[in-house]
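Following are the structures in question.
Shared chain: chain A. Partners: chain B in the first complex, chain C in the second.
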Partner chain A sequence: MKLRRSMLFVPGNNPGMVRDAHIYGSDSIMFDLEDSVSINEKDSARFLVYSALTKLSYGSKELVVRINDLGSGLGIHDLEAVVRAQPDVIRLPKTESAKDVLECEAEIERIERAAGIPVGKTRMMAAIESALGVLNAKEIAFSSKRLIGIALGAEDYVTDLKTTRSDGTELFFARCMILNAARAAGIDALDTVYSDVNNEEGFLAEAELIHKLGFNGKSVINPRQIPPLHRVFTPRQKDLEKARAVIEASEEAERRGSGVVALNGKMIDKPVVARAHYLVQLAAAANRTPIEEV
Partner chain B sequence: MQDIDIKSIPRVEEITALHGAFAGTPVKDAETFNERMHSKNRVVASIEEAIRLSGLRDGMTVSFHHHFRNGDFIVNMVLDEIARLGIKNLTLAASSLTDIHEPLIGHIKNGVVTHIETSGLRGKLAEAISRGLMDFPVVFRSHGGRAAAIESGEVHIDVAFLGAPSCDPYGNANGYNRDEENSTSCGSLGYAKLDALMADKTVVITDHLVRFPNAPFGIPESNVDYVVKVDCIGDPKGIMSGATRYTKNPKELLIAKTTADVIEASGYFYDGFSMQMGSGGASLATARFLREKMIASNYRARFALGGITGQIVEMHEEGLIDKILDVQSFDLIAANSLKNNRFHQQIDASYYASYRNRGAAVNQLDFVVLSALEIDTDFNVNVLTGSDGVIRGAIGGHPDTAAGASLAVVVAPLTRGRIPSIVRRVNTIVTPGSVVDVVVTDQGVAVNPARPDVKEKLEAAGIPVTSIEKLRERCERIVGIPEPIKYKDRIVGISMYRDNTVIDLIRQIDEG
Partner chain C sequence: MQIVTKGVAGTMESSDISVRIEPREGEGITLTLTSAVMQQFGKQIEAVIRGTLASLGVTSAVVDAVDKGALDCTVEARVKTAAYRAAKCEAYVWENRK
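Moving on, here comes the complex of A and B:
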């Protein structure tokens, strides 16, 4: 299972940040061509991200590009460039319906064929940023096999709701909708950014909340947010020990050729075993230093 | 009085310091101590008078300290007076020079200053020298190398002109003022102390003449000949900041965190260790991460050395560092701590770093964290010349602390904009690779092959270690290989190692 605790937002028009995005230890890097890039820099950002993806190496990081929405007229140019650079994932902004996803997917498929890239190689994620999108979360989550996850984009969403960001109450419904839709479809649920970079306490509280709800992770806008976020996602020793015992029991069952896993006399379901593997994976990631040979 | 026949004393000719028979005393001074302080003292009316009284002549050597950094008025003030008096052909031996000393260009052109010895140069003066302003190459010495040369008499100071934020009428001088809270402050006078001791004549220039005794003092009156009161010795804003803040730059924090991990794993982090943190965002921030580790392990440091910042003071005050040895205070918190904390000790440049001094504090360091402009694949470090070949830095205590510390960690971002930090050959060698143990960048840690013990320890602790060659390759993949800098043949500067051997030459840049 791919870890997506943290997705670092990197403005696509900032060469220094694009160049060094992998050094901070986030699980994913999201090069942004959309809201962090002003209208007169859209083409240079597109070119910079294309060049970075094709020339630099980012080690084991999952590489995501957030394109402009197709309706803006910019999105298609973004796709023409970045699909050819073969990032892992294209992030679609402002998704309101399954149709938005399918339209984008069709373009991606066309470009994949034209560029000789295996069809389906480019994965997608959809960001939901409006009341309509939240209500359609289920159809969005189920719309395409390419989807690795759906994400909440809170800034536009609270504007649409005619409110502002506060303690998270305003996002509770959207978060639950997105989380449930994602889980029903068997994909990841990813939380929005916390933009008050200097409020470490507020960030931590939000990270703990979304971790408790069940999100896979969260977008971050500053590398300083990555270590505290990863700490929140680090399993407690007690849970880890239990997870290891579950894995041992499941391996034991496999050796015996038995489909039934039992631990301390109790039956263990498959999802519990999967969850145990996930926890062990989280613990291993927590101990890794961000430095990797690239 | 009894008649004493001096000649009757057996072997009287062998007794030294015998000045004949007692012949009475001069009339006793009945003034109050307070009156005497005003009537009989070492205060002279002006810098001009001090220069005249000092006997300064053509061809002599004058010295200055750099504790006032970019707020220093002393060098420019004194040289203007010297120039007015028509004295020429001087050697200027400063502990360092910076942007504010741009007017020196004029004094060099008119022949007042014909030779410079310094730790570093910056700004317009540095640029002019890099373009061939002086016939006589500038001699760049480390703080320890300069101290050694002065102590041995090889660099002979005829007159030292030393600015001090407070001084009494006899010359007891301090880098702060005990009598007034809001006056100029520079903290330690470490680099001035040795000059005062070794110079033939020492002039203290102060803006705060305080009552005798200005104790505890940084410079004792026994090392001072003249005291001059002026209105202003410098610009407090340029002398030091209120507090050195920890960096918020994520890349510097990342380097700092990795550096702290490296130190923890290196074997030199134990209860009772000693340390120095260089200036520069990443090296300073390393202290913050070490602090967390010290608290977690219940370790204390025996001492912290060097340029001292508020961070080190805070750790001292919370009981994490027993003693502070301070040759230069970097911020007001450090300066105030020197004034108020008993175990914050002012030390001179020789005590700090002279290679001739077996007990030099740098030799007692477990580790030092140092910044670098460039590091080459032989681990040589440049902190003196920029990527355009122009002088824009200072040697400081870099080679002294790297050589003295058991573990010298050099930190740098892998690239700065389009400029690589890891190169095949540095522009100017300041610190030889043989005394650099570990290089920490944002994209990897390299250990000098001469230290397999350290590499083994880091790897055992799970810190990935790469080679310096791989870091260079990565650097080149990102920013390419810069075109070589064009130089002329003329030598404009000499980079001296701390033992005062020539380690590299700086040539005039060729802009043609």
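Moving on, here comes the complex of A and C:
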């Protein structure tokens, strides 16, 4: 199981942050060539991220690069560099339709062929940041086999809705659309950043909310947000013990050739067993990457 | 790659290197390097700068670099950025990861 509880945003033109990105314990690192890089420094960020990806070792971290959208004219330059540097995933911003994903995929495939990289090796994720994108979440999620997940980009989205970020009410529809589209397509659902880094209470409330909804994780803009986020997304001991008991009861029923699973006098449905397996897998994956304080 | 104007890249922030590349009369690279870690890494930084310029086919330039503790990969990235800017070239060449 691939953990994606946290995806740390790293401005692509900041050498110190690019160098240190792996020490904070996030599950994924996302080097940004888009909004955190000024228009005059797009080339230097591209060279820096390319150089870091080809020369530095980030251990087992999942490496993601957010490119500029193809419509800006910058995205194609980003792809020429980034596909050859071979991160795990390329994140497409401002995705509004399946066509956006397919256009980007066609360019990736062209570059993979030209560079002798196995076609399909470069995975993608799509960030949905507009009302149209949210309404097209299903077609986006199903558009390409390269997609490992879809993500919500809330700042542009709330601007499009003509509202602002508040307690999450404004994002409820988008989150549910993206989550259901991702699950239907069998891919991950990643939540947006929480920008007020000094509001730990607000951050935790949002993390708890998206965990309850079913998201895999969340983007973070400050390393301090990683340990509390991982705590929320790591199974608690009592839930784990219960899950193990459910699995044991299910295996016992199978040995007896019984189709009915019971635990402590209560019947256990199949989905409960499936959830127990998922929880145990999640805990095993989380145990391989212990929570580190920053 | 021919240097035709002044190209600058990088910053004076920690872990970065500021690189300025300008045209030079005649062949050769004239390099001025300042670094807080000159004693320990001066030769290595110079080698990366010269090696990067050579890989781009730059044989004539005046280079002024102020290092603030940049890794080799940062030095290489900043030299390439400054060189492409100084050559007014956007036909970037990217090699595959080895």
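Here is the rule we use: the second predicted complex is superposed on the first by the 247 of 294 C-alpha atoms of A that agree within 3 Å, B and C clash if a C-alpha of one lies under 4 Å from a C-alpha of the other, contacts with A are read in each partner's own complex, and residues count from 1 in each chain.
In the analysis below, contacts are C-beta pairs under 8 Å (C-beta built on N, C-alpha and C of every residue); 3 or more make two chains touch, one makes a residue touch a chain.
Just so you know, these numbers come straight off a predicted model, no measurement behind them.
Asker: After lining up the shared chain so the two structures overlap, which partner does A:S44 touch, if you call chain B first and chain C second: first, second, both or neither?
Answerer: second
Asker: Let me test your reading of the model: by the given contact rule, A:N287 touches which partner, first (chain B), second (chain C), both or neither?
Answerer: first
Asker: With both complexes overlaid on chain A, does A:Y24 touch chain B (first), chain C (second), both or neither?
Answerer: It touches chain B, and chain C stays clear.
Asker: Applying the document's definition of touch, where does A:R224 land relative to chain B and chain C: first, second, both, or neither?
Answerer: In the superposition, A:R224 touches chain B alone.
Asker: After superposing on the shared chain, does chain C or chain B touch more chain A residues?
Answerer: Counting residues of chain A touched by each partner, the higher count goes to C.
Asker: First (chain B), second (chain C), both or neither: which does A:G16 touch?
Answerer: A:G16 sits against chain B and chain C alike.
Asker: Please indicate which partner A:M267 is in contact with in the superposed arrangement: first for chain B, second for chain C, both, or neither.
Answerer: In the superposed model, A:M267 contacts neither chain B nor chain C.
Asker: Looking at the overlay, what does A:L56 touch: chain B (first), chain C (second), both, or neither?
Answerer: After superposition on chain A, A:L56 lies in contact with both partners, chain B and chain C.
Asker: In the superposed arrangement, what residues of chain A touch both chain B and chain C?
Answerer: Shared contact residues on chain A: 16, 19, 56.
Asker: Help me check something: in the complex, which residues belonging to chain C touch chain A?
Answerer: 9-10, 13-16, 70-74, 76-78, 80-81, 84-85, 90, 92, 94-98
Asker: For the complex, which residues does chain B have touching chain A?
Answerer: Touching chain A from chain B are residues 248, 250-251, 253-254, 258, 261, 415, 417, 442-445, 462-464, 466, 470, 474, 477-478.
Asker: Would you pull the chain A residues touching chain B in the complex into a rising list?
Answerer: Interface residues on chain A, with respect to chain B: 16, 19-20, 23-24, 56-57, 222-224, 287, 289-294.
Asker: Which part of chain A faces chain C closely enough to touch in the complex?
Answerer: 15-16, 18-19, 43-44, 46-48, 50-56, 77, 80-81, 84-86, 115-117
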